[in-house]
Each structure stands twice: as C-alpha cells, then as structure tokens.
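Two complexes are shown next, each including subunit A; its partner changes from subunit B in the first to subunit C in the second.
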Partner chain A sequence: MVTAKKKWVPYLFLLPGILLFLAIGVYSVGFSVILSFYNWSGIDFSNARFEGLSNFKDFLLGDSPVVSRNFYYALLHNFELAFFQVIIVIPVALVLAFVLQNTKMAGFYRTLYFLPMIASGIAVFYVWKGLFEPTGVLNSLFATLGLDFLVVPEGMLGNSSTSLIGIIITSIWGGLPGTLLLYYAGLTAVDPTLYEAASVDGASKATMIRKITWPLLKPMTLIAVIQMVNGAFQTFENVFIMTGGGPAGSTEVIGTLVYRTAFIDNDYGLASAIGWTSFLVTGLIAIFSIRGFKADI
Partner chain B sequence: MNKRMYAMGILLVVAALAVSACSSGSGNGGSDGGVKKTLKMWTWKVAYGPGFEAAAKLYEEKTGIKVEIETFTPDDTYRQKVRAAANSKNLPDVIHYWATNGDSLETSLLELTPNVGDDVLNSYFGPAMDPIRVTQKQVDNWATNKNATNVQKGLKVGEFYGLPLDIGGFFTFYGNKKLIEQAGLKAEAPKTFEEFVTMMETVQKETKVPGLVFGAKLPDLWENWAGSALQIMLNGPEGYINLLERKAQMSDPNNIKVAQALGSIAEKGLMMPGILSTVIDGADQAFASSKAAFNLGGTFTMSTLLAMGMNADDIVTFSVPPIAGSKLDKWSTDPFTLTMVSVSKDSKNKDEALDFIKFITSDPDAAIAFSNGAFTVSALKIGDRSKDLSPALKAMQESFTTEPGPYSKVQPYIDNRSNHKEWEEYFQSMQSVIEKKMTVEQATKKFDERMKSLAASGN
Partner chain C sequence: MIKSIKHVLLIIYGFACLYPFLWMFGTSLKTSQDALANPQSPFPSGAFQWGTFAEVWNKLNFGRFFMNSGIVSIIVIAGVIFIYSMMGYAFAKYRFRGKKFIYYMFIALLLVPGVTILIPLYINMTNLGLANSYVGMILPMINGAAPFAIFLFTSYFRTISHELYESAVLDGCNSFRIYFRIYLPLAIPAIGTIAIMNFIGSWNNILWPMIIIDSKDLFTLPMGLMYLDSSSFKKWNELMAGAIITILPILVAFPFLQKMYVQGMTAGSVKM
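Showing the complex of A and B:
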C-alpha cells in the first residue's frame, strides 16, 4: 500500500528515464529547432552564426534557386511515395487481412506477410537493389515471360523514369505488414453478432462488408494512413541504399536531401530547416486526414 | 551495518568503473614514470593499413613511441565520426583525412603554420600543399559568400592544418588488354578522345562487352575524373577558369565540346547498362570481371583492381586523351594531394603527434615504407630512393610532374565550384544526357541560364 509519505517513490524510479528522455530526446529536438536559424558547419557551436529565417527563405522562397528546386522535387517525391503507398497498401492489406482471418493456414501466412517487419532493412534493400539490376531477377523474369516491354535494360534503379517506381515498390513492401496487422486486429475485434443480425435481415456478403466491416475499420484506416504518410515523409534508408537520390535527382526525397545537406555539404542549419519544414508538412497532412476521417466516422 | 558497508563498496566499484570508462581514449597521456607513450591515429582507408603499420613500426624503432591505428569505414561514416569526436573533443592524437581546408575541422586541429618549417615543406612535391594551405582566392571567396561559415571567414592566407601524405591523379582510363586485342586492336593509348571512342566502339562491336564503366551514380564523378581534364586541355587552364568563374558560357562552341564528348559515348550506347546506379567500387568490380572494356579511375585504382584479382599485365592504362584540336595535346599527370595527416588540438601528446606526422610525410624511409605498404605514391620527393619502391609505384611516381602544372593552376577555382550551384544542376543534367533524355545542347543551355540567374540574384 502506498502511503502519503512514500508517494514520491514511483517518481524516483521514473527519474532515470525522464532524465534520459530530457537529455537525449528533448535536448536534441530543441537543438535542431534552434539550429535551423543558424549557419553552422557541425563543429563547435560557438562558431555558429545566427541567420534568422534565411535558411527557410533559401529553399521555401527560392533565395537559393537550386536548393529550392531540390527541396520541392524531393517534397514531390515524398508526396508520390505517400500517395501510392496509401492507395495500394490499404486495399491490399484489407484483402489480405480477410484472407488471414478466414484461412486454415493463418499462422503460415502471418509469418510470411510480417516478414518485412522483422527483416533488417539495410540487408533487405541490398537484396532489392540486386533484384532491380540490369541482369537482376526482375528483368530476367520479364524476359522469360515474354514481357519484354517491361524489361528496363539499365535496371529499374538506373533509369530516371523507373527509379522512383522501384523505391515505391520497396516502400509498399515495407509498409504492408503494419497496415495488415492493424486490419487483422480490427477484423478480429468486430462483434460477430452484427454479421448474424445482418444475415437474418437478408444482407449479402458485400453489403455486410460495406455497411458493417468498413465503417468499423475506419479508425484503423485512419491510423494506417497517418502511419504511412508519416513513413513516406521519413523515407531514407531504401533511397539512400538503392539510389542515393539519383539518377539525375529522380528519387531524391527529403531524407536524402537533409542527409546530403548536413553530412556532405556540412550545412547543418539548412538541413535542420528542411527537416522541420518536412515535419510540419507531415503534421498538416495528419491533421487533415484526422479531420476528414472524423467527419466520416 | 554490514549490508550498508557492502552496498557502499559496490557503489565505489561502480563509480570507479564509470570514471575509468568515461576517461579520454586518446593516448595514455605521457611517459611519466617510464611508461611507454602511445599515439592513437584514425584513418578510413583500409588499404592504407599495411602502409601505416610499416611507417609506425619504423617510428617506434626510432623513438620508442608506439602508434596505434584504428580504421573506420566507409567514408561517410568516418566523416561523421570525426566530426562527432571533434565536437566532443575526443579526437585521437593523429587524424588521417582528405586533403582539404575550410570545412571547419580547423577548430579542432593544431595549426601547423608556425610548427612546420620550409625544410619539411620544401621536401614535398611542388603542388602538394595546394589543397591544404589556405589561398588568397579562398579567403576572397569566403569573405563575399553569404553561405560561408564563420570558421571559413576566420581563416587566413597561408594557414594550414595538415601535412600531405600521398599524391595521385584521377584522369586515368584502364583498358582490358585481352578484350582490346580480341577486337583486333593494339592495346595502346589512343591519341585523341575521338580515337578512344572509336576504340570503344570496335571493342564493343567485336566482343559484345560494353565499352565503358565508371561510378556514374555520383553525379560529379565524370567532371572530376575526366571532364575537367578535357576542358583544361581544350582551352587551356584559363578557359576552364573562365567557366568556373562565370566568365564564359558552357554552350559556347569552344566549351561545349567536352559535354559533347560524354554525349557521344552515350549516344553510341557505349556505356555499361545500369551505369547510373553504379558506384566507384561497383565500376571497378565490373571492369575486373570483364563486364566493361574500359574503366575510368585514378592512380589509386590500380591497387583496387589488383586486389580484385586482375593481373597488371592484362591492363593498359592511359591518361584522358585530348579532344582533337585541343590547346594541350596531352595530359601531363599533374598530381595533387589525396590525403593529409593532422594533429588534434586537444591531444595530450601534441609534440609527439606532430613529430610523427612530420616523420611519416618527410622521412624517406617512412615514406617508402608507407608507399609500398599502402600502394600509393607518397607526397615526398624521394629522388633516387624511388628505386626502393615497388616497380609499379616507381613508374607511377616518375610519371608525375614535380612542379605545378595546369591542374594545380585550376584547383583553387575547382575548390570554389560547390558555391556555384549551377554545377550541381549541370551534373544532374549530364546524367540525363547519359540516359539520352536530354541533349548536350539542352544541358549546356540550362547551365548557362542557371548561371546567369544565380549570378544576377547574388548566389
């Protein structure tokens, strides 16, 4: 029993975690916000120079036209990634969740579908890179099947028209398990008596899905959309490993642009400003998504 | 009571361990009490390991000071590690780094200007200090550039924070001798770029092996390793400087030929498929496994190719050949410094670290041991001691001019190129040219327009 005297004890146990969070989480985030108003090359902050909104103006208002062009291209690519991920992953995950719920080999399929979630990203993206190479499995498969029009001689990632498609494919592959898990949990939670009642009323399977399942899964869909948009705007690993943002900037995303600006060009202030702007964009999309879904739920 | 004492004891042990774990990892802090000194050095070049070890062994024999070498790879990781260590003042005594200046590492390095005399500096190849020593040109650029950092703005002409370790040159094509001969050609250096293109066409036609590979995933690699040499030869160093200084146009008939040279290779389909997703190592691997007949590299590429199992006798090397009608009819390998060694400002063993970097860069025995072990040419002029180098290194070293040549003249302007963002866009445009999605004319026109607009807006 916790007495009034010992009320502080739980807080004492929480203290190390709180301190660690303050030291690592809050400090680094706060420092990054401050940094976005400075010109700093990454060593010894006493050499940083306050620049006000200059970093933001550089890429948002075009004060540095090439930086600005790079930013808007990268942002567009992030939007494309988010869009295709949402419109492809949502229906596919929904169908697979139904299959999982109704199959006898659910355990096997669960393991198969959730593999991308547990596999190490770096290792897997190198494998994907190999698959997309000019002599990789994908081209060989298309050639064998007589689908020559799908063969990309330079490899999917070596051609600026197809490289983003390659990135989208890997993003979908990586994003599927999370959404599938959500839908699977959502489906399991639907009260079976609702279906029984609908069946008594003579509702068809399709009507049941439309009128019962889908409305009940909307909160899950909202979470999935926000998760995927957030993930798409944080895309870095697969692009960095597979294309590095190329060819000709065709796969540049905010993540690789921030990396390049900070760690190659040593412009930590500009990189922070770009990163925070991307965060705000993601936040705005999430707010609009929540509002849109709330009106509907 | 006993329990309390026991707990206190454990706390003391934990505290002692924590304190020892948090202590600086740099060196052992001196030879007081007869303890042998140890210097710590960081590098990112795995291939240089045997060279550093050999030189360190000589240094230990001479002074009794041991040098421990730690390698961190790949390049990006190393850069970040060095910067993070510089921020937390945890750099090792000696840092091996790319030969450069103005990237703010200066705040963490010992300024060598007052510590290294002409006796040492004059022992290096003529242009060896060029990329390391701050130039008037750089100071002028940083003074007017709004994006220049405070560290850059604070640097003075003549300052330097590292000593040149090794020199080399890009601008080298490697050819697969067997494939060239299989195509019925002599494995000889072509005299002009046009002749080289014809050579690649013939080899590709006869052997069905793609003509050329290079790490085209890096947008600026062609310009850095071939394009700049072609441009310097075409219109002389001044012509290229004019382009870099925004005093000339890329689409000018006198300048466009270099872009057309790359365009012609793309147009004829002579590049290895997937070249735009190929990195430097990947290009070397492709060449070593006969997936391309020619490879663009530098003097340092040979060691990689040999390590990949190629036989030196099966390789023909030649400098980038000039475009027909160029002002300079051949490329003289004007070497520049590849890497440097520096001393941490916060090192407890500054004097010894300084002595070691002088030793490894200017002592002939150390330089030769390092060169042979690392398979790279030392920045030191070793004169007739070159006989002690391995035959391939000896040949490479003797091919270098010892005094500044055309590339050295241009280098300060190339260093400033990253501030002229039209180049960044141009490199991407040239990737589109490689893909045949943009013509050379479109790419060069875009460059000129961007250059004009950036100059007009003060960028």
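Showing the complex of A and C:
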C-alpha cells in the first residue's frame, strides 16, 4: 500500500461512486428518516404534518391496534422464515455436500443443483404458485402417496394456516443450493495430506472431522447463516407474487407491509417508520454481517 | 449399498431442483383447458402447443420487454464494474485520510432493507425528473450493488502482488494507467462474479421497476410477466410460456454462469 504523491489521486478513483452515493443513497436514507416523523400521503411535501413519534407509537405501542397487529405478525413471519430456513438448510446442505464430495458424477449433480440458484426469481415464483394450486402437483403427490393429512383442499397457499409453510418451502428451494455449493467448495479445498497425516498419527474419523473439517466449514456456515437471515428479513418478491401477503395476512412480511402501507394506503410516514424499525431489528444481524465483510484495508 | 443410497439421495434432490422447470416447460406446451384441468401433470395430454410462445410474444410486445431488460442489465453491469473496481483499487492500493470511514459507510448500505428507502428513492427520482426512464431505473440498481462489489474488488486487488505496482511506477506509469492496464485485466475472475450477480439481480428485479416505471414501453420482462398474469386470468399455459421467455437468457448463459460463479465463490470464500 502506498501514499499517493498527489493527495487527490485516491479520491479521484472514489469520485463516481461517492457522487452516486450522495445523490441516491444519502439523500434517500436521510429523507426517509425524516419522513418517519411525518404524516404524509405523497405528492407535495408542504402538505406533510410533523407528528413526532406518533407513527412509531401507532404500530409499536398499539395506538393503532390494527397497524400494530399487522406489524408484529409481519415481524414474526420474518423470524419464522429465517429460523426454519437456517435449521433446515444448514444440516441438509452439509449432508448433501459430504455425500456429493466423493461421488463420481459430482459435476453432473452440481449442474443440476445450480439451476435453482440462478433461476430462482419471478418466473419461478409463478411456477410455485401453480404447483401449490388446489389440484396441483403437491396435493396430488400427497394424495397418491396416501398422505391424505398433508393435502390442503384450498391449496397450500390458499389456507391461512399453511400458506407460510409454502413460502418457506420456496425459500429453501432457492436457498439450499447456494449453501450446498459453498460447503462443497470448502470440503474439496481441504488439503488431503492433512487427513493422511492425521490418520498416520492415529486420529479417528470423528476427530478428523472435528479438528480438520469443521474449523474450515465454520466460517462458511457463518456466511451462509448471515446470508439467509439477511435474505429472510428482506423477503418481498416471492410473497408478493405468490400470495400478496394473504390469505388474511398469514404471509405478510415487513417488506410487503411497507409496500402496501406506502404505495396502496399512501401513508408514507408510517411506512418509513415501520421500515426503519425493522432496520433496527436487523441491525443486530447487521453487526455480524459487517464482521464477515471486514476486509484487510 | 451405501453408494447406491448416496446416489438415490443425490438424485431425489436433483429431481426436486429440476421439477419446477419441467412443469414450467410442460405446462407451456398444453392447451389452456388442459393446463387448467390437469395441473398435476407436467406433460401435455395432447399435441405440443408450440404456438403459445408466439402468441404470448406478440400479445404483449415481449420483444420490447426483452430489449428493455437487456439495456438495463448491460448498463447496470458495466456501471457497477467500472465505478466499484475503481473504488476497490483505491481502497486496496492507497493510504489516505477518511478511508475506513468511507469504506464502512458503503458497506453499511448493504444492511438498509431495500424496501425502506423505496419511498424517498421514488420521490428523489421524480424530483430529478428521472421517473419513468431508463436512467431512473438504472442508477439506484448500480448504487444498490455497491457494497458487495466494493468488498469483492477491494479483497481481490489486495491479493495481487504489490511489486507489479512498484515496477509500473518505475516504468513511468501513472495511477490511472496502472489501474486500467495492469490491475483491471488481472481482476477478470472478480469481474466475472460481479457481472453474473448483477446480471441475475437486475434481470429478476421487479420491485424497483414496478415503482419507477409506468409506461408499458419501458417494462422489463418480469414486469411483462406480471402484466401477463393480470391480463390472462388462470391461463397457466400462457403464463408459463412468458416465464420461459423471461428466464431464457439465464438458461442460455447457464454453463458460462456456472463456471464463473463457482470460481468466484471459491476464490471469495476460501480466503475469508
């Protein structure tokens, strides 16, 4: 690393990015913080009314019971999405990565597993919507297998007690491959001589996994968990396309709640306040993320 | 025995990965009655209806949507690579005042939930006269890609030997030439990873275009697909034909994407 002779040189390299950041990032973030203290329905900001903390009281303290109820349910759904995704994806991905590691056709399988990872987007959310239809694939599969108790007559997304499960399934489908391939890359990167040396020294298989494999996989697990939790709290598109937050708010997440409050109910102040509160909640997770992104600069 | 259990496991999971695409393809080849009556089957019960693709393509001007998506993706990718590779280079190669502050300020952007700043972003863009335009759609997407791109470019440039820099200085190269002629070409793997991530991200982005665009001439493919959904109620065959059109470029680029992605992921993760 060097100190430039002309002091302005490094700043020149930063300039385009900083200009964009000031014009878009800083302005928007600042304005949205201010908005959260106002009552405003859009168009002309001179119509906005300063209301202090009343937006926050509405949904946090229950001054407006309906808004408050929607908010806490949405937050709970975000937590549920994060929780179930992590506890299902991590072990399954780990097992599959171990199994994949020593198979002959690893390349072929990897190609298959890579598909959901890059193609999971709006097009695929419509497919899932179709698979979850009342007479769709999932229901007929369960019926054929004789698992009648799993059949949801309204379709999994059409019933308020199962709809969130449907959303979780699609998140797992889209999220599992990334974690699996990350673990696989980690496992194949282990120097095989390490295992040889360990077995010469008489280490058992369990010891090797504990002392050699796991220390390497630990940071990857952290990255995977952070990504999934972050993703779960930013959920929007799959819910928006597949259920729109329904039925009866059973799949409402913070993302769709903010969207609806702002762009359907035109309550920009309240929407901003909800958005920033969820930001504080994710802030805790954020601190961990920053650790992961600590570059050596 | 154990070997075959392994394969069964891997095949079951592979099938789960593949099935939605199979269903998408099969359903697009059904008649609309067939699609509605037999949604449980991924195969058409009669002849393959290839004509649906042409119908959908013409019904909603998908050619235009395709072009719009292409323009947006290409400019976003180019912008992200150009702007943030320069920043990464400065962070990796120079000592200067305020460096840590600027770096973490950008990284913190990653943590602001997109939907929170949607409202002011929309107002901001409208005030700048950029609502309902390519530029209005593109600029926030570039800015949103900043944290990860800066992080990756900074780490990548740090791994490139510093002697290269010193010998280039001795040869009389100025800072910009060193960046452009020496460091940038060496960062091809990082560029590939960033390009792919932003290609997939911008190609699938729906929330921001939905808010900033209202003229149908500027619709991107995902918006076209949503419009198709609202205009052809329960016509699963049409919707799936549209879905295939939407992800076609991703599927076509698939082998290339896979190669680059796995490379970039390994490089990025093993180092951490």
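We take it that the second predicted complex is superposed on the first by the 259 of 297 C-alpha atoms of A that agree within 3 Å, B and C clash if a C-alpha of one lies under 4 Å from a C-alpha of the other, contacts with A are read in each partner's own complex, and residues count from 1 in each chain.
Definition applied: a residue touches a chain if its C-beta (ideal position, glycine included) is under 8 Å from a C-beta of that chain, and two chains touch if they have at least 3 such contacts.
Keep in mind that what you see is a predicted model, and the values were worked out from it rather than measured.
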Partner chain in contact with A:121 - subunit B first, subunit C second, else both or neither: second
Partner chain in contact with A:246 - subunit B first, subunit C second, else both or neither: first
Which superposed partner A:160 touches (first subunit B, second subunit C, both, neither): first
Which superposed partner A:39 touches (first subunit B, second subunit C, both, neither): first
Subunit B versus subunit C as contact partner of A:263, first or second or both or neither: both
First, second, both or neither for A:64, with subunit B first and subunit C second: first
Partner chain(s) touched by A:49 [first = subunit B, second = subunit C, both, neither]: first
Partner, of subunit C and subunit B, that touches more residues belonging to subunit A: C
Which superposed partner A:72 touches (first subunit B, second subunit C, both, neither): neither
First (subunit B), second (subunit C), both or neither touched by A:182: second
Subunit B and subunit C contact sites that coincide on subunit A, given as residue numbers: 133, 263
Complex contact set, residues of subunit C against subunit A: 6-7, 9-10, 13-14, 16-21, 23-24, 27, 39-40, 42, 82-84, 86-87, 89-96, 99-100, 102-121, 123-124, 128, 139-140, 142-143, 146-147, 150-151, 154-155, 158, 162, 165, 175, 179, 196, 200, 203-204, 206-207, 211, 222, 225-226, 229, 236, 239-240, 242-244, 246-247, 250-251, 254, 257-258, 261-262, 265-266, 269-270, 272
Residue ranges of subunit A in contact with subunit B within the complex: 39-44, 47-49, 63-67, 69, 129, 133-134, 153-155, 157-161, 163, 242-244, 246-249, 263-267
Residue ranges of subunit B in contact with subunit A within the complex: 76, 79-80, 83, 86-87, 103-105, 107-108, 147, 149-151, 154, 216-217, 219, 273-278, 418, 421-422, 424-425, 428-429, 431-432, 434-435, 437, 450, 453-454, 457, 459
Interfacial residue positions of subunit A with respect to subunit C in the complex: 1-4, 7, 9-11, 13-14, 16-18, 20-21, 23-25, 27-32, 35, 96, 99-100, 103, 105, 109-119, 121-124, 126-128, 130-131, 133, 135-137, 139-141, 173, 177, 181-182, 185-186, 189, 219-220, 223, 230, 233-234, 236-237, 240-241, 254-255, 258-259, 262-263, 268, 271-272, 275-276, 278-279, 282-283, 286, 289-290, 292-293, 295-297
